[in-house]
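The structures come next, written out as C-alpha cells.
Note that chain A is present in both complexes that follow, paired respectively with chain B and with chain C.
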Partner chain A sequence: MTLAVFFGCSFIAFGPALGLCLFSVVREPLRVIILVAGKAIEGLVALSEDGCSPISIQQMAYVAGLGFGLMSGAFSMINLLADALGPGTVGIHGDSQLYFLTSAFMTMVMIFLHTFWGILFFHGCETQRWWEMVAVIFTHLIVSGLGSRVRQAPSQDPEGPSGALSLSCSLPALPALWCCQLGPTVAFSAISFLFSVIGGPPFVPAGGRCPGAPAARE
Partner chain B sequence: MTELSAHLPQFQHGQLTENFPDNHLCNTNDNSERRRHDNSERRRNDNPESETNGQPQNRTQQVVEQDEEDEELTLKYGAKHVIMLFAPVTLCMVVVVATIKSVSFYTRKDGQLIYTPFTEDTDTVGQRALNSILNAAIMISVIIVMTILLVVLYKYRCYKVIHGWLIISSLLLLFFFSFIYLGEVFKTYNVAMDYITLALMIWNFGVVGMICIHWKGPLRLQQAYLIMISALMALVFIKYLPEWTAWLILAVISVYDLVAVLCPKGPLRMLVETAQERNETLFPALIYSSTMMWLVNMAEEDPEAQRKASKSSTYDKQANQIQNEDADLDDGGFNPEWEQQRDSRIGPLESTPESRAAVQALPSNSQASEDPEERGVKLGLGDFIFYSVLVGKASATASGDWNTTLACFVAILIGLCLTLLLLAIFKKALPALPISITFGLVFYFATDNLVQPFMDQLAFHQFYI
Partner chain C sequence: MAAGAGWRMGAGERGRRGAETLFRGLLFCVLGCGFCWGNSVERKIYIPLNKTAPCVRLLNATHQIGCQSSMNGDTGVIHVVEKAQDLKWVLTDGPHPPYMVLLDGELFTRELMLQLKGSSRISGLAVAISKPSPAQGFSPGLKCPNDGFGVYSNDYGPQYAHCNWTAWNPLGNGLAYEDFNFPIFLLEDANETQVIKQCYQDHNLPQNGSVPEYPLCAMQLFAHMHAVTNTVTCMRRSSLQTAFSLNPEEVCDALSDYNVWSTLKPINTSSKINPLDEVIIVATRIDSHSFFWNVAPGAESAVASFVTHLAAAEALHKVPDVQMLPRNIMFTFFQGETFDYIGSSRMVYDMKMDKFPIRLDNIHSFLELSQVALRNSSVLWVHTDPVSRRNDSIQPQVETLVEALINSSVGANVTLQEVGQSQPLPPSSFQRFLRAKSIPGVVLADHRTSFQNRYYQSMYDTAENILMKYPEGLSPEETLDYVTDTAKSLAEVATVVARALYQLAGGTGNTSAIQADPRTVSRMLYGFLIKTNNSWFQSIIKQDLKGLLGDELPQHYIAVTTLVNTTQLVQYVLANLTGTVVNFTKEECLNPEKTPNPEKEMYVYTWVQGSRDPNSTSRVPFCVQSTVHLTKAASPAFELKQWGSTEYSTWTESRWKDIRARIFLIASKELEDMVQLPFLLDLMLQPTVFTLAGTTDSALPSLQEDEACWRIPLFQASLL
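Let's turn to the complex of A and B:
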C-alpha cells in the first residue's frame, strides 16, 4: 500500500482527536497528565479542592474520556497503519477493498464516542443520575453489538483460515456495512455529543466556584 | 533512581539550609519551598538574633499556614514539571523505537557482552532460565561493585580519577558509538558516504557534544545531546542483552535502585549525603536538567565563591561519571555510574545550576524576583536509558508489535507521573526506576500475552469495542 493510504487513514482516525488534544489539552500540563494517567491523578486533584480547583470536574471528564478514546483508537488502528506502510493489496482475496478506510472511520467515531461517554458518565456519577450511566453502558453495548451483528449475518464457520476467508468473503456490500454499523454509531455519537453539551461544555470556566483559578493559572 | 531535584533554594539562604536538610533533598515544588524561605527570611529580618533558633518554630508555623496554598501550587507546578520530563523521555523512547524498527543491526544477534557470559541458546527451558538468572546476577554484581567503587572514590576525593574516567566514557560514547550508529543508518538507507565527510561529521558531532555536556552550551543543545547519548546507550543494551536476561536485569535493577536510594546505608544515598555535606554538585554531566534558570537564585550569598567552588567540583564529578561509564563501556558498568549520578542530582543543591550560571553568565540582579516556576527538574540519564531499553525491547521482540510498544510507553509515563507525585509529597530523593519499570514489565507481559491476541481478532473482524 502507499504512503497516501497510511497518512489518509491515520488522519481520518486520529485527526479530530488530535485536533481536540492540540487545542484544548496541550496547553495545560494538568490536562496532559490526566490524559495520560486518567483517574490516577484524581486523588491529587482532590487534594487541592479547597474551593479553588485548578481543573474542573467537567474538564477532567472530557480529558479522561479523550484519553480513553485515543488509547482505544490507537490500539485498534496502529497495527493496521503499520501494515498499510508495507507491501500488499487490500481485499485481494475478495474482501472489501475499503477495509482500511472503514476501519479508520470507525476508529474516529469510537474515539469521539469514548470522549462523549466519558463526559456523560462523569456527569451521571456527579449528579447521581443512574439512568445516565445505564444509558452510557447500554449504548456502548449496542455499538459493539452492531459490529458482531454485521459479521455474523452469513453464518459460516468462523474458525480456521478457510472459515475466516469465507466469512470475510461473505461480508455484506459496503453500503450495507455503512448503514448497519457506521451509521448508527455516528448517530449515537451525535446524540451523546448533544447530551454532553447539555450537561455543560467542558471548558466553562468554573468562575463562580473559584474566582482565583483563572488568574492563578497563568 | 532518579530523583528529581529541582531546586537550589538551600543555598539561597545559607543558614536556613542547615536547619532542615531532610526536607530539601529533592523538591520539585520550588514554589512552596521558596515561600517558606521567603517567609523565614522576612521573619529573620524582623528578629535578626533568633535566626537559627527561631527558624524551626517559624518554619513549622509557616508550613501549617501555607499548606493549603502549597497544595494548590504544588499541584500546578508539579504538573508543569511532570510535563517537562514527559517530553525528553518520550523523545528518547521515540528515537530508540524508530531505530529499532528501521535499522536491523540493533535487533541482530552478534554475540553478547562479557558481563553476560551465559548463552540463552540452550536446549531446555530450565537451562535457559538458569543462564539468564546467572547473567543477571553477574551484571548486578558488576553494577554494585562499580557503585561502591565510585562512592569510595568520591569519599576519598579522588576527583581526578573520576574526572578522567567520565571524560573517556563520554568520548567513547559520542565518537565511537555514534560512528557505528551512523554507519548502520547509512547501510539501512543505502546512502553512499565517503570517509572524509563521515569523519568531519563525527568529529563535529563529538566535539560539540563534549563541549555542551562538560562545559558550556545552549540548554536545548545540551538536552538534545543527553537524549542522544541515552538513546545510543539504550540501543547498545538492546542489542547485546539476550531476552530473558534483559527482562530480569530490568526487574533487578529497579529493586536495586529502590534499595540503594532509600536504605540508610545504600551507596547512592551515602553518595548524595556526602555531596550535601561538602556542598558540592554531583556529576552534573550525566543528569538531564530541564532548565538552567535556577542559578539565578543562587546568587545571593557570595556567588563568586560558590561558582568557583562548584565549577571545579563539577568537573571532578563529571570526570567521575565519565570514568565510570568508560569502564562499563561494553556496558553494564554504566548503570552504577548513572545511578550515582542520579543520586547526586538529588543533592541538587548546586550541581548544574551553578556551573551553568557561571557559564551562562546570567545577570545577577534578578535574584529575588526569579520566577520559581522556572526551576526545573532533573532526571538521571540512567533512567532515560532503562526506560528506553524497556520500550525498545518491547518493540523488538513482542509479537504484539505496536500494541505492546504503545502499552509499555504509556506505562512508563504513568510511572513517571506517580514518581513525581510521590516526590512532591515526600520531598526527598526518590528512585525513579521502580514504579515505571514495574508498570512497564506488567504491561509488556500482559499486553503481549493477553491483549494482543484479543485485539488482533477484533481488528481482523472489524469489531469495535
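Let's turn to the complex of A and C:
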C-alpha cells in the first residue's frame, strides 16, 4: 500500500513487544541471549563464577516467551509487510479493507500471548501444576485452529483454499477477522496475563548480583 | 580444575555458537518467506493480467518509437473509455489523476492518441482488441512505407519519391512510429477485459454525479525499456559495455534473422556460379509488424504472398524437364522487409561484395509477389519501374516479362493488367535491387494505386481479412484439409506465376500441365495463419524441434533472436515441396560429407520425422534432399558499424527486464494515515507504563535482597 502502511503495521505489530524488549531485556545482556537462543542455562551457569544462575526462572520464562513471540510475529508479519510495500491493498476479491491493520493487531496480541504462555508453562513445569501446561497447549491449539478457519472464511479469491466452512459472526458490523479471530485471541491473552501475574512478576530491577555462595562451589 | 573449567567454557561457547547459527538460519528463513512469489496475501491483493501484449521501444538512426514506462511500473486509476465523451473525465474532470485508460479498439485512433500523449493525467493505456475488426480499417503503419530506403530518391525518379505520386497506405495513421512516454498494452482476452470492466463498475463509477470514493480499482503496467534516443546511442553504449565490462549490460539488439532461398537447378554454394549463367529471381517477404510487440499476423501483407510463392515453387519442381532449362530460377524469401528492407538490402550487399554464389550480373529478371490475396474481380496488377524502363535495353526485357505473364493467365481465373507506365513501384524488395543495378522486373499486386489491405501491418490483418472461411463443426484435421475459396484463388495466382517462370527460364513445352495444388495452398494457409501445430507441419520438421510448433495464433515478427519460427517453417515447407526423398540412413543424411559424392555438395540433406501412422504412435522418419539455404538477414549497417546510416536499415529493439500487468484496489491517503494512529498511541503509552513498573519495583526493597541470587536446584545438582 505504501511506506505509510508498511511502517504503521510493523510498529503496531512489533512496537509494544520491542518496547518491552527495550525496557526490560536489552539492559541485561544475559536476557538478550535467552531472548535469542531460548534456553542457555547450562552455559550461563558454567560462565558464572559461583555456580549460581544470575537470572531467575521467571525472568527466563518471560524473556524466552518474548523471544518466541517475536519470532512468531516476524514469521507471520514479514510476508504481509513485503506486500504492504506494493501499491495495492486487499479487497479486490471482496476481503475487508482493514486486513493489514487487523493482521498487525493480531500479531501484536500473538506476541503477548507467546510471552504469557512462556511464563505459564515454565511456572507449571517448576511448580508441577500440570493443568497450567495443559491449558497452555490447549489454548495454543485453539488459537491456531481459529487462525486457519478464518483463513478459509468466505472470500471470492478463486485460487484460495476451497470448500471451507463459512463462519457466521454474532456482530455482523465488524469484519469476520475481528470478532472471530482477534477477539478470542485477545481474550486468551488477557486470561494468560492474569495467570502469569499470579506466577510472580518477572521484572527485575537492574543490578542484582549474585553474592558468593561457597556451598554451591564444592 | 582449569581443564574442567575450560571444558565447561567450551560447552557454553558451543551452545552460544549453535544459538547464533540457529538465529541466522531463522532470520534467513523469515526474510526468504517475505519474498516468495505467489503467496496467498499477494493473491488477495493483485489480479495478474496474463494475455497481454506490450508496446516496446524500437530505435533507428535518428528516432525512438514505441512506449516506455517507469522503472517500477506505472500505476493509475482505471477509467473505461467506450465513447469519445468519456475521455473528458480522464483529461480534465476526474478527481483522482493519473488515470489508466481502458480503451475500446474502435477508439484507438491517431486523434485520440495525440490527445492522450499531450496530457499529464495519463499514466498508461490498455487497448481491448476489437472483435470484429473496425469497419473503417486500421493501420498503424506509415502512409508511405519504407520511405527513403527504396529506389526513389532525389537522384532517381524524384517525382516518385516520398509517395508524391500515390500514397500506398492511405489508412496509415503512423501510430506505430510515434514515441509515447507511457506504457500501452493490448488486452487479447475478452474475459480479462471483462474482469477489468467489472472492477471498474464496482469501484470507480461515480454514483449519482458524486465523486467515486476510495478504494478505487487501479492498474499497474510494467514495461521499462533500457534503450533511449536512437540506434547510434544505444549501440555505442552496448559496445562500450561489451568491451569494458565483466558483466555487460547491453541495452538494445539489431533486428535480424535469416533469408530463405532455393534454386530450381542445384548450384554449388561454396563457389560462384558461371558469370554467363542467368538466374531469374522470384521474391516475397515473410514478415509483418503491428503496434504491439510480437503481434503480427500479417495475412494479406506477407503470408498469402509467400504461400503463393511456395505453391508456385512446388508446381515448377513437378515439371519433368526443369533440370534442362537454360536459365535457373531462385526462389527467395526475404525476412525483415517491414523494417526498411533488412533482408533484401543484405542480399544485395552480399552480391555486391561477392559473398553470395550469385552476382548481380547473373540476374536476368526479377519477379516479386506483393499483396495478392484481395483481388478485385480477379484482376492482378503488374507494376513496373518507369525510370529504368527508359533504358533501351531494359524496356524490351520488361515487355517480354509482362507478355509471359499475360500468356500464362490464359485459361486461369486471373486477369493480368498493367498499371500506367508512369506509375512508380509499390514498396517492394525489388526496389533494393534497382538501387544497385537496373534489372528488368515486375511486382504483382492486387491493388492498382493504394493498397486493398485496410489493415496493413496491424493486429487485424488476420485470416478473416483475406476472407478465409471454414464451415462450422470441423475438427482440426478436417480444417487442415478443407480447401477454402481463398486457397483456390491463390492457387490460380501461383499457377500463372509458375507458368510464366517456366517460359522465362526458356522452357518450350506446353505449360497447361503446370498447376499449383489448392490443397497444399490451403494447408499452408492453415498452418501459417491459424495453428502451426498440425499434423502436416509435424511430419516435415526435424525431430528435435518440438518447441517450434504451437497452438496459439502464429505471428510473423522478425524479432532479435535468430531463426524465428516463421523462417524455420518456411525452410522446412520449401524443402518438403521442392525436395526429393532419398534413401539414406540417418547417419548418411546427417553427415553427407562422410560418403563423398560430387552431387552431394550441391544439395542440403534434412532428416525429418515423418508422419504418424494412424494405427501406431511412432513416426517413420526419412531424408529429404533439397537446395534450400539460409543466409543472414542482418542490415549491413551493423556489419559496417555505421549505426547512423541512411543507406541501410538501422532498426534495433530495446532490451527490457520485466513486462507484466496487474490490477488491484488502492486505498485513500486517509486510511493510510489512520494506520499510524495506534502506533502513535502506543508510542505515548509505553514510557508511562514502564516508568510506573520501575517505581513499583523500587517500592519493594525487601524483594531486592532476597531475589539477588536465584538458585536453580535442578541444574545445580546436575553440575555437581
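Side notes on the structure shown:
One rule holds in what follows: the second predicted complex is superposed on the first by the 161 of 218 C-alpha atoms of A that agree within 3 Å, B and C clash if a C-alpha of one lies under 4 Å from a C-alpha of the other, contacts with A are read in each partner's own complex, and residues count from 1 in each chain.
Here is the rule we go by: contacts are C-beta pairs under 8 Å (C-beta built on N, C-alpha and C of every residue); 3 or more make two chains touch, one makes a residue touch a chain.
What you are looking at is a predicted structure, and each value in this text was computed from that prediction instead of being measured.
Legend: residue contacts after superposition of the two complexes on their common chain; A:A82 is shown touching both chain B and chain C.
The wider contact with chain A, measured as residues touched, comes from C rather than the other of chain B and chain C.
Once the two complexes are overlaid on the shared chain, A:V36 sits against chain B and chain C alike.
In the superposed model, A:A74 lies in contact with both chain B and chain C.
When the two structures are aligned on the shared chain, A:S56 is found in touch with chain C, with no touch to chain B. Taken together, the two structures place residues 33, 36-37, 40-41, 44-45, 47, 52, 54, 71, 74-75, 78-80, 82, 99, 151, 216 of chain A in contact with chain B in one case and with chain C in the other. On the side of chain B, the complex with chain A involves touching residues 68, 71-76, 78-80, 82-83, 86, 401-403, 406, 410, 413-414, 417-418, 421, 451, 455-456, 458-465. Residues 1-2, 4-5, 7-9, 11-12, 15-16, 19, 23-24, 33, 36-38, 40-47, 51-57, 71, 74-75, 78-83, 86-93, 95, 97, 99-101, 104-105, 151, 155, 157, 159-160, 201, 203-205, 208-211, 213, 216 of chain A touch chain C in their complex.
Per the touch definition, chain A reaches chain B in the complex via residues 29-30, 32-33, 36-37, 40-41, 44-45, 47-48, 50, 52, 54, 71-72, 74-76, 78-80, 82, 99, 102-103, 106-107, 110, 143-144, 147-148, 151, 164, 167, 185, 216-217.
For chain C in complex with chain A, the residues that touch the partner chain are 8-9, 11-13, 15-16, 18-20, 22-23, 26, 29-31, 33-36, 39-47, 75, 199, 215, 217-218, 220, 662-667, 671-676, 678-679, 682-683, 686, 690, 693-694, 697-698, 704, 707-712, 715-716, 719.
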